[in-house]
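Each of the next two complexes has subunit A plus one more chain, namely subunit B in the first and subunit C in the second.
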Partner chain A sequence: MQELRELAAQLLRDGAVDVVVGWEDSPRGARPIFAVTPEDAGKLIFDTRCLHDLATYLNPRRKQVVDLGKLALVIKGCDAKAVAGLLREAQLTRDRVVLIGVRCGGVCEDSMAPAPVELTPETVAPRCHGCDNREPRLVDHLVGEPRPEPPAPLLSLDERVAALDGLTPEQRWEYWTAQFDKCVRCYACRQICPLCVCERCVADKSRPQWIETASHPRGNFSWNVTRALHLAGRCVGCGECERFCPAGIPLAVINRKLQQVVDERYDYRVADDPEVTTPIGDYRLDDQQEFIK
Partner chain B sequence: MNDAHEPRITAFVCNWCTYTGADLAGTSRLHMASNVRIIRLPCTGRIDPLFVIKAFERGADGVIVSGCHPADCHYTAGNYHARRRFAVFHDLMDFMGVDQRRITFSWVSASEGAKWRDVVNEAVSKAREIGPFTAYRALNDHNVSADHFDWVDELAAAGGGTGCLGEDAAAKAAARPARTAAAAAEGGDA
Partner chain C sequence: MSETRFLSREALKALVAELVASHTAVVGPAAAGGPAIPGLEDRQPPTHKGIFGALEYREVHDADELRLGPGMPRLSLKQFFLPQSEDLFSWKQRGADVEITETPTRFNARVILGAKPCDAAALEIVDEVMNWEYADEPWNGRRAASTIFSLACGVEDLHCFCPSVGVTPDSTKGADGLFTPVDGGWLVEASTDKGRAFLEAHAAHFAEPPSDAGEEGAAFRAGALENVSENVKIDAVRVRDWVDGHFEDPFWATLGIRCNGCGACTMVCPTCHCFDIVDEEEGVGRGTRRRCWDTCQASKFTAHASGHNPRGDQIARYRQRITHKFAIYPIKFGEVLCTGCGRCVRTCQMGQNIGEILVAIDAYAQERAGDAAAADAVAVGDEKGEA
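For the complex of A and B:
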């Protein structure tokens, strides 16, 4: 932690960056901080409560962050994948940001806990299970001690997907329409997503209106399917959409399913390498087409 | 009404191959089911999965998406891009619980009038087999209601052990007290 604070203070003191974005401790647990002075940098922390995907601040839709000047961003492995996604899709230039990677041993699901949470199968975030990027590579600085692998959660995302896969289509339809019926169309899932980068979302377009805006099962289905599809092969699985969903829709399960699909079909796993192209938008002449007559 | 049900099928086809193939089927006077309404687009690459969703919203019982065979795309690679997009869409729709028989993907070239007839006939017979897409129309009527939540709760309760949705729900409820109250209220209403 000291290493992180000193590095951040140094970057600010040298004028290498205008602001360091990381996490701080607060009366309401860990939360993002925009440190602009070396003193602020002393507040930086990294522990198991730092589950926020700060890469979302690099999303070009957040013009107010762009206006802050040059950023240093503290990132975990999953956040690094999101940064790579933005670079890959030309939504960010590498010289706009200094990346401070932290070695991560998994995070919990409760950012508001008063103290760092010990990771157990009950507390660990399911998305941390099987993480392949606990030491981010897309970084300018890497800090922290190597941490042990997080414990397996009670129920992994893969197990949740498998449980749904095991149902009949009619049951799945009932499950998902009931879930989507809860949707209030606040678009929190979209707003928090580091990779929902469209300046004008198809859900906001009215001529023609492809997705009905009312919080009604028909438009809700259309919206949730579209959101998932637009992230297929891009979603880094940071789980922020599900965490922010006020209705508790299990969005991470859908995202995980699509991760499995692109893995099985195109041998593609999202990595923090901006040079690798995404599977959608790319193709191979011999792609599977067993579903096409 | 159901015994007189005539399925409505929407076909999204590319201008260069399938549309011409369908035209050939017509000029060749091939007999085929008349339930299909064709929407012509420049290329399969222009067919957004939202078109399919919209067709279902507007009452289609089945959808056909068809275009040029691989290597035949008028724009070189539109169908390759479409193939990936629709592979993902196909799997997602399956995950959402849409009967796979409702969506037909095919490659039909300009010379394959007979293949187009077969694709149409098969799509129509499958749509007849599974009947009208009442499940989607229920969304229109806002008919996704309390008893559906009952069912989800039952699944959660019946779960136990591993690989169920129940434990997850329980874990989440424990982690988020406020939401648990909301969930309980929902359950109570149901």
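For the complex of A and C:
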């Protein structure tokens, strides 16, 4: 923690950056902080509650963050994948941001806990299971001691997907109908997504109205299916959409299923290397195409 | 308030059964749930667990479904008066002929049992804007068809702050009566003619309160008020005046910086009432006009056809949320557009905390007022010196 604070204070003191975005403690648990003075940097923390994907603040749509000037961003390995996504899709230039990587031993699911949470199968975030990037490589500085691997969760995302795959199409339809029925169409899932970068989202277009605004089943299905498909092969699995959903829709399960499909068909797993192209942005002669008839 | 009656747990069961049998919808806090599929149980993020999110207001068919105790439903009562989307009318067009079918604005009788006092109070506050220059028929129709009994609240957590905005945990504002939990049931008081008529119509279920219940109920209510009073200490008038007079103050930039503009706070808010009206086509020459919840936190909310957006960034949009609630509405209608339920704080995954922000604004306003007074004093002193 001290290493992180000293580095951030140094960057601010030297004028290398205008603001350091990381985490702080608050009456509502861990949350983002925008440190602009070396004193602010003293509030930085990193613990198991720091599950927010702060790469979302690099999204060019966030004008108020762009206006702050040059940023340093504290990132975990999973967040680095989102930064790579933004670089890959030309939404960010590498010189706009100083990346401070933290060695991560997994996070919990409750950012709002009053104190750091010990990781157990009950508390660990399912997405941390089998993480291949606990030491981010796409960084300018790497801080913290190496941490042990997180425990396996009670129920992994793959197990949740398998439970869904085990249903009949009718049961699946019933399940998703009930889930999407809860949608209030606030688009929190889109707003928080580090990779939902469209200047104008298809859901906001009204001439023609591609996606109906009303929260009836047709509108809710259109929105949720479109959101998922636009992120196929791009989603980094940070799980922020599910966490932000005020209605409790299990969006991470949909995203995980799509990751599985993309992996199976295109042998592609999202990485923190911006040079690796995505299936949607790449063409290979040996791409499977038997579905084209 | 009228005479206090007592409703036992058994009598509540009979009352709900009687209402359901007479085709009166009964709505109240009940366990939130979805279809149970092994491995796919309705999953609540941990931050939604505990007091928040385990409950939802919904129609019940048996009193056993009601959870008349601690806990705050994830969404407020708003959805029962201003649904997430509702049909206004449908149309059919053939050439120049347009046939309009209006949606009825008379509604079946409905009783809401166990409303959070902050949620019921919000209805009365929003009544003002819904009857300002135009009487909103669907809203008023649903209000007229509903009888609401609030449940005296024991206060949920440190994010509750109703007294800071003029509501109390045992308020009957916006409701027709109040339930206060006591041993074996509830003390029930009516606060409006509608509430009194309800108690009379169902008098058989209500009894004389047990002798010590009055004291027990009063102690519960006093304890709750004491619990919540220290949570957010502000002077709402000072906040209003500062917000009203400092639209361009640089302080705003520090208040909205971490906000993502997701709008979840406005969806869960009992008083946020902005909507979008859309025409949805349903085949050639036919469709339905609907109104749907909207949010001032979305950039599209104020996007002009020209491409200009007067609220060009999230700082401006967050300022709007605070300004509408704590200055514009109080100045126009004499009421703060917030009942201190704390849902927005519990919902915000980035840690935007309206209680903390109100305290910060109040402190900033006080500090500035102090500075200004000091500057005035110096100026006056200078003048005297010169004289």
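Here is the rule we use: the second predicted complex is superposed on the first by the 289 of 293 C-alpha atoms of A that agree within 3 Å, B and C clash if a C-alpha of one lies under 4 Å from a C-alpha of the other, contacts with A are read in each partner's own complex, and residues count from 1 in each chain.
One rule holds in what follows: a residue touches a chain if its C-beta (ideal position, glycine included) is under 8 Å from a C-beta of that chain, and two chains touch if they have at least 3 such contacts.
Treat the numbers as computed from the prediction; the structure is a model and nothing was measured.
Contacts of A:187 after superposition on the shared chain: subunit C is touched, whereas subunit B is not. Judged by the touch definition given at the top, the superposed model places A:70 against neither subunit B nor subunit C. Of the two partner chains, neither subunit B nor subunit C is touched by A:269.
Legend: residue contacts after superposition of the two complexes on their common chain; A:165 is shown touching subunit B, with no touch to subunit C. Contacts of A:141 after superposition: neither subunit B nor subunit C is touched. In the superposed model, A:96 lies in contact with neither subunit B nor subunit C. Look at A:293: by the touch rule set out above, it reaches subunit B but stays clear of subunit C. Of the two partner chains placed by the overlay, only subunit B lies in contact with A:221; subunit C stays clear of it. By the touch criterion defined above, A:257 reaches subunit B but does not reach subunit C.
Residues 109-110, 155, 159-160, 162-164, 167, 171, 174-175, 178-179, 216, 248, 250 of subunit A lie in contact with subunit B in one complex and with subunit C in the other.
Only residues 26-34, 52, 56, 61-65, 67-68, 108-113, 155, 159-160, 162-164, 167, 171, 174-175, 178-179, 182, 184-188, 191-192, 204, 206, 209, 212-216, 219, 240, 242-248, 250, 253 of subunit A touch subunit C when the two sit together in their complex. The residues of subunit C lying in touch with subunit A in their complex are 32, 34-35, 37-40, 42-48, 53, 74-75, 84-85, 158-159, 253, 256-258, 260-264, 266-268, 276, 278, 280-281, 290, 292-293, 295, 298-300, 312-315, 345-351, 353, 356. Only residues 48-50, 53-54, 57, 70-71, 77, 80-81, 83-100, 104-107, 119, 122, 135, 138-140, 142-145, 148-149, 151-152, 155, 162-165, 167-168, 171-172, 174-176, 179, 182-183 of subunit B touch subunit A when the two sit together in their complex.
Subunit A contributes residues 109-110, 122, 154-155, 159-167, 169-181, 202, 210-211, 216-218, 221-222, 225-226, 228-229, 232-233, 248, 250, 254, 257-258, 261-262, 265-266, 279-285, 287-289, 291-293 to its touches with subunit B in the complex.
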